[in-house]
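Listed next: structures, encoded as structure tokens.
You will see two complexes here that share chain A, one where it goes with chain B and one where it goes with chain C.
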Partner chain A sequence: MVYIRILENFWEAFLLGIGYTLLLSLVGTVVGLVIALVLGVVRSIKTTPQTKLSRFLLKGGQALIQLYVTVIRGTPMMVQAMIFYYVFRRIGLLWTPLEAGLFTVSVNTGAYLTEVVKNGIESVPKGQEEAAKSLGMNRFKAMSLVILPQAIKTQMASIGNEFIINIKDTSVLNVIMISELYYVAEDAAMRYSSFLEAMLIAAVIYLFLTYTTSKVLKIFENKLGVKALEIVSSN
Partner chain B sequence: MNPIITIRNLKKSFGDHIILKDINLDFYEGEVVCIIGSSGTGKSTLLRCLNGLEAIDEGEIVFDGSDITSHKTDLNLVRTKIGMVFQEFNLFYNMNVVKNCTIGQTKVLHRSPEEASKIAIQNLEEVGLRNFIHADVNKLSGGQKQRVAIARSLSMNPKVMLFDEPTSALDPEMVGEVLETMKLLAKKGMTMIIVTHEMSFAREIANRILFMDNGIILEDGSPEQIFENPIHERTREFLKRFR
Partner chain C sequence: MKKGFILLVLFVSVFLFSACQQEVEFDFNKGELVVGLECAYAPFNWTEDDSTASNHPIFETNTFAEGYDIQIAKLVAEELELTLIIKKMEWGALIENLKEGSIDLIIAGMSPTADRKLSIDFTNPYYESTHVVLIKEDSSYVNAKTFADFSGANVVGQQGTVYDDLAKQLSEKGGAIYQNALDTVPLIIFAMQSGAIDATILEEPVAISTVAQHSEFTYVTLETTFEIAEEDRVVSIGVRKVDTALRDAVNNALAKITNEMRTTLMNQAIDHSPEGE
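And now, the complex of A and B:
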């Protein structure tokens, strides 16, 4: 039977593929979140600064972030991966496909999560910032100690969802020859000329990964008590 | 005695809507001042100007020698000396009770964690919440939340405490515990400026009452004077509704 032959000869490659897929999606989500935290905070600033220079820097920065979000969300990750990989090689950065892949997923996730972080910040009641200010906290302390922790908590579901999307969408990185799960499946398919069987195996593995991940995230969310925040500040 | 807060020619508007018209006031250490008046007369806005939560359009506010409206003044430093209690409590919902009371001390005043938690626990004891130090603030009642908010402000050792309608968001049966806590604080000599609709409480706790109407301080006097012999017809009308 062809399934058994594929698994017999490719089980190590599949395991490695799972490893690459998880590495890409995990690192991509974490780094993307870090990018998004910085950009989301800048995007959410509404007050106008005192000096002309800082006003220019803020408005310019916000416009650039908007451009980044629009371009990344408006183009396929497969195309982004190709462009990043080859553009940087052309300008002399001889990075490996894996490095280019990690970069691509991070930049891509960063764009999606920037909006998520901004929405999270806007969902935190204004009184939280006022209370922080009234204790003498500056903007940075109020943001990092009070507002962001609550913003992230309200958006945990979206962030977890982004991780699950990444597990599936990193399959497009086969175009820059990273031996993640889909790449392995395609390799096996061609070896045995049995595309359907190899892809079914890949599909089952992907489903297993996304299903277990979503279950783990649910447990994690419950532990964090994400529900608790929905009780707003009235008695 | 020099006033702790001096307000001169304070003006504030939101767009075309003028909220405060030329306010001039002095507050002294040890005073317990209640600001009363109808909704929308600028009471809360005036209070929020005192710690710079609202930017003012014109005038001057001097707190303990520093002009808080000047760009040269470190407003964050001034704010550590002015406690504020909000109508909606505004506890930090990502922290437990004691953390709410230590975060400002450690991160702003740079006190050691040990010292901060000692002070926090003292103040929580003061407001009657010694047994709740590790509780989740989301699970507290409104009255308990507001008492934590008071302890949080007290833990910064402020010179003045501002209260912005501290009982207006509470169920009636919880108003008492918060007012009792405030009376205790007044007895200890804390300088307090309170915006409130609780007239009998104001009369009991305050040694000075400000009646605000339409963006000005219409009357400024002792509780006896304001409640027994108001000068203006407008004040009499307002107080009649509470009899």
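And now, the complex of A and C:
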């Protein structure tokens, strides 16, 4: 049977593919979240600064963040990966496929999660900030110690969802020569001219990865005491 | 629990279904010969927008197929007294479509490899080729003669083809750096233009037409030869395993196409390959 032949000869490649897929989606989600925390905070600032210069910097910064979110969310990750890896070489950015891949997923996740973080901050009652300030905290401390932790907690489901989406969406990164899970499946499919079989194997592995991940995230959410939310896909 | 069981049953039935697909036999009385190819693999096959005396309409599109494969397909269909229908599909889907019966023959510059022979049969060769290394004209590899001359070069091949195996050979024997295979030749060309890739291995006619389209490229024929099984140097027509009668009929038709004719057809195909920017 073709399934056995594929698994016999490709099990090591499949394991390596799973490794790359998990590495890309895990690092991408973590780095993307860090990007989103910074950008989401800037996006959520509503007060008008005193001086003209800081007003200009804030408005300009917020406009740039909006542009970043719009462009990254509005273009396919496959196209972004090709531009980051192949086209950026022309301006002297000589990174490896894996480095470019990690960058692509991080930048992508950052764009999706910026909105999530902003919504999370807005969902924290205004009284929290006022209470923190009345305790003598400055704005930075109030944001990082009081508001952000609560914001992340309420958006935990969306952040976990982004991780699961990344596991599946990294399958486009074979265009920059990364041997992630889908690449291995395609290789096996072509080697044995058995597309259906190889793709079904890949589907089962992807399903296993996403299912286990969502279970682990659920346990994590329960530990944090987050109420289960209806997840609406961001893609 | 119940949901999980239903899912399991679904998966198992899909697996079983895929395991016992029945192949349909070719019916000579239907009067048609449906040929599948990529229409994106010059000079063997490519797509044109306007009808000419030598190209052939692509099924259910307003475009036309041209190339060495199309000329062979036309000669075979003529000999078999069947109406030729050309269907365009992705390279990776060709064999699956042949097995399912939506096409009758694969004439797509395909080599009859042992792996492919596990699922389909092949006719006698209709073309035999040499493999060369495509490089950029301004690269330091223009005078390369042996594998070792590519030491340190980034080399890539097209996924699922013998080119990928040859890229590995160049890396193992000459010290080139093997990169994971890419999906299409145009993507490899793009990767080379960006500088991410220094060399790729192609069949000579493909290299000739690539150089004709992109003047910044050139190719070298090495003195050290690649280790290639005969089945990988030749291209054949793919047929379903059940279709022995069709295979014999196609072999008879191919036998009537002389070597001189094949060379002429290939040269014409290279000359008429789509011009790039």
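Here are a few things to note about the model shown:
As a convention for this text, the second predicted complex is superposed on the first by the 226 of 235 C-alpha atoms of A that agree within 3 Å, B and C clash if a C-alpha of one lies under 4 Å from a C-alpha of the other, contacts with A are read in each partner's own complex, and residues count from 1 in each chain.
Here is the rule we use: a contact is a pair of C-beta atoms (placed from the backbone, for glycine too) under 8 Å apart; a residue touches a chain by one contact, two chains touch by 3 or more.
Note that the coordinates shown come from a computational prediction; the quantities given were computed from them, not determined experimentally.
In the superposition on chain A, A:Glu197 makes contact with chain C only, while chain B stays out of contact range. Of the two partner chains placed by superposition, A:Lys215 touches none, neither chain B nor chain C. In the superposition on chain A, A:Lys59 contacts neither chain B nor chain C.
When the two complexes are overlaid on their common chain A, residue A:Tyr183 makes contact with chain C while staying clear of chain B.
Legend: residue contacts after superposition of the two complexes on their common chain; A:Glu130 is shown touching chain B, with no touch to chain C. By the touch criterion defined above, A:Pro97 lies against chain C but remains apart from chain B after alignment on the C-alpha atoms of chain A.
No residue of chain A contacts both chain B in one complex and chain C in the other.
Contact residues on chain A toward chain C in their complex (touch as defined above): 1-3, 82, 85-87, 89-90, 97, 174-175, 177-179, 183, 186-187, 189-197, 200, 204. The touching residues of chain A, counted against chain B in their complex, run 50, 125, 127-128, 130-138, 141, 145-146, 149-150, 153, 228-229, 231, 233-235.
If you check the complex, the residues on chain B that touch chain A are 51, 53, 71, 76-80, 82-84, 86, 88-94, 103-104, 107-109, 136, 138, 141-143, 145, 149, 152-153, 156, 169-171, 174.
Of all residues in chain C, only 11, 14-15, 18-19, 92-93, 95-96, 115-116, 118-120, 156, 159-161, 179-183, 187, 190-191, 194-196 touch chain A in the complex they form.
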